[in-house]
C-alpha cells in the first residue's frame, strides 16, 4: 500500500533522512522503532507533505506523492497524528473534529462520523464544547487520533502516540490501535514503547541515523539486542554494560 | 444629564467608525500574528486613488467606493508579499533560531515583519502624496444635510443620521463577521490556520491560500471603512494614513488583537472615552486620552486569557 | 557661490550629525532586541528642556544640553520600567503610544515668561520659538558644525570602544538570545533599562542640538514618522556596529535627500530598501559579519 524508496530529507545542512526504504502492507499495523534523533519524526512529516524531500519516492496505492502539498496527501487517504498531538488549542473538541473533515464535502457523513467518534472516545463526548487546549494529555491524544480519523484515511500515520502519557492511557491508545486494525484501517506507527508495539504490530522496522537498519516480524524483533538498539542505538559490545533497558 | 447622554451618544457613534476602521487590522493580526503597520498607509493610498478618480473623472460615489476597496486589496497583496509572506508559521523546514535576524528570539520574526511593514508604510504614504500633493482633496460626499433632533422631556439630543448609520453598519459588519467566523466552514479554517498552522496543514487545509485570503479580506475591509469614513467628511488629507493606523490600532488592541467582537467593544469604548475627554480637557486632551488608554492597556498586566496559556489567534 | 555650497554642506552635515544621534538612540535599543517607535519623544523632550534652559534661564549651551540629556534619560528610564518586560510587539506599540502622549503633552504645555524683550517659552501647539542662544553668543554655523561633529565623534568613540568590553558584549548577547545571556549571568532586565536610559539621553542630546540649530521647534515635528525613520536608519545601515546607523543617515539625508535626484521618491526608495534588507540581509549593511571581516583585516582587537 505504501512504498517508500531512498527517501532523503534535510534541515538546511543537516541530513535527517539518508535514503529510507520501507513499505507498509494494506490492512496491517507496521511499526517503526528507533532511538531519539534517528529521523522517525522527519520521515512522518515528509510523508505528510510538510517537509519536502531531496530525493526518493513515496508511492501510496501506486500513486507517486513526493512533492505533493499536505492537502493533497490528506485527500489521497493518508492522515498523520503528529508527535505532540498538535490539537487546535483555541478550538473546541467538536471544532477540532470538524477541522479534521475539512476536505470532505458530505455534511451528513461528517455529522455521523462526529457522533461515531464520540462513541469510540466517550471521554471526548463529555468535553465536546471545551477548548482543546484545556484537555489533559491523554484526552488530547484521543482527540488528535479522532481528528485524523475524520478524514476517513485508508492509512493512518501515528508519530509516538504513547509518549508522555500515563500507563493506563497508553494501554487505551494501543487498544484503539488494535480496534482500528480490526476494522480494516491500515496503520503506520512510530513508537518508543517497543514492548507495547510488539503486541499490536505485524511488521517492524528499526531506524537509526536516518536509515532503516532492520526489518522483521515481532518474533525477530523480540530479540534483546535489537530492542537495545531500538532504545539506545548501536552499542559497542563491552563487558559490564546493562543488557536491557 | 442630557449633556452626558449627548456625549455618550456622540462617543458611541464615533466609536462605531473606529471599530470599522480597526476591524481589518484585527483580522489580519489574528490570522498571521503580525501587526501590519502599513495598514493606515494602505487605506490612505487606496483612498487617494479614489479621490484622484473623483477629481479627474467626476466618478460617482459607488465607483469611487469600488476603486478604494479593490485598490486596498491589491496594495494589501503587495504588503503581504513584501512583509508577511513567511509569517504566521514556526519554520517548518529549519528548526533553531532565525540566524541573523535583527531581533532574534521568540518574538524575533514578529518584530521583523513589524519593521518591514513600517518600511512599506513609508513607501505607500509617499506614493499617495506624490499622487495628490495638495493638503485637501475632495472625496464624494454622502453626508447628511441635517441633524436629527430627538426631543424629550429632558432636553434635546442631536444625532447625525449619517454617522449613526455608519456606526450601526459597523456593528452589523463586526457581528456578522464574528458569527461567520464561528459558524462557517471557511471561518473555521481561518481560525484553525491562525490557531496552529502546522496542524492546519495536517488536516488538509491550504494554509497559504487561506491566510492570503484573510489578509486580503482585512485590507478590503480597511478600504470599505476608509471610504465610509471619508464619504462623511467629504475630503481626505495626508494625515489620514496615520489616523487610520492609530485609531484602528487602539480600537483593536483595547478589545484584544485578533478578536473580532473585541474590536467593536474597543472602538465603542475608545469613542466614549474620547467624547468625555474632549468635553473635559479639549481636543488635545482627547488625543492624549487615546494614547494614554492604549499605553495603560498594554502596560498593566490584566489579561485573564493569558493565564489560560491559550494562543491569542483569530476569534469571533 | 562656493560660500553658499560650503554653508549648505555645513548645515547638511550638522543635520546629519543630529539625526545620527537619534538613529544611535534607536540602535541602542535594537542592540538589546527591542524596536522602539518612541525615541522621537525623547528627542522632543530634550529639545524643549534644553531650549527652556538656554532661552528662558540664559544657561550656557553645554549646561542646557546636559540638562536636556538628563531629562531624556530620566523619562526614558521611567518609561522603560513598565514597558521593557513586554513582548516585542507590545513594546513597539507601547513606545509608539508614549511617543504620541509626549507629543500631545508638549502641544498642551504653555509656559512663557517675559524677559523684557517679549514672551519666551513653549507656546503649546504653536511651538517654542526664539531659542537663540547660538545667535546671541555669536556662534557661527561653522563653529556649531564643529561642536556637533565633536559631540558625535566622542559618542562614537565611546560606543565603539565599549563594543569590546564586557558591557558591550553583554548588550549584544542580550539582543541575540536573552535566555542564553541570562544563563551567562547577565542581568537582562537591568541591562535593558541601562540601554534605554542611555538611548533616551542620546536622543535628547540630538533634540537639544536640533532646537538650537533651528531656533524653533514645535510638537508636530516629533511624530511617529521621525521615530520610524530613526529605526530605519539603524536597520538599513546595520546593527553590527555604532557606525551602522550613521551609514543609514548618510544614505537617506546625504544621498537621497540632499542630491535632489530622488525628490518625490525618497521614502519609496528608503522604505523599499529597508524592507528588502530585512528579508535578505536582516542585520543591515554593516552587520556583525562584515564588521568582523573588516576587523580581522586590520588586525583590530579580537573579542574577549
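Should a chain be cited, it is by its letter among A, B and C, assigned in written order, with residues numbered from 1 in that chain.
Throughout what follows, a contact is a pair of C-beta atoms (placed from the backbone, for glycine too) under 8 Å apart; a residue touches a chain by one contact, two chains touch by 3 or more.
Worth saying up front: this structure is predicted, and the values here are computed from it rather than measured.
Student: From the centre of chain C, which chain's CA centre is farthest?
Tutor: A
Student: Could you name the chain whose CA centroid falls nearest to the centroid of all protein CA atoms?
Tutor: That would be B.
Student: Let me have the rounded angstrom distance from the C-alpha centre of chain A over to the C-alpha centre of chain B, please.
Tutor: About 42 Å separates the centre of chain A from that of chain B.
Student: What whole-number Å value describes the gap between the mean CA coordinates of chain B and chain C?
Tutor: About 30 Å separates the centre of chain B from that of chain C.
Student: Taking each chain's centre as its mean C-alpha position, how far apart are chain A and chain C in Å?
Tutor: Those two chain centres are 55 Å apart.
Student: Report the residues of chain B in contact with chain A in the complex, numbered from low to high.
Tutor: By the definition above, chain B touches chain A via 92-95, 185, 188-189, 191-192, 194-196, 198-206, 308-311, 313, 315.
Student: Quick one: which bits of chain A touch chain B in the complex? Just the residue numbers, please.
Tutor: 11-12, 45, 48-52, 69-71, 73-75, 79-80, 82, 86-91, 95, 98-100, 102-103, 131, 133-134, 147-148, 151
Student: For chain C, which residues are in contact with chain B within the complex?
Tutor: 30, 33-35, 37, 82-83, 86-90, 92-94, 97-98, 100-101, 104-105, 107-108, 124-125, 175-179, 223-225, 228-229, 231-232, 235, 239, 264-268, 270-275, 278-279, 282-284, 287
Student: Hey, which residues of chain B end up touching chain C in the complex?
Tutor: 35, 82-83, 97-98, 100-105, 107-108, 110-112, 114-116, 118-123, 125-127, 130, 242, 246, 249, 253, 284-285, 287-288, 290-292, 294-295, 298-299
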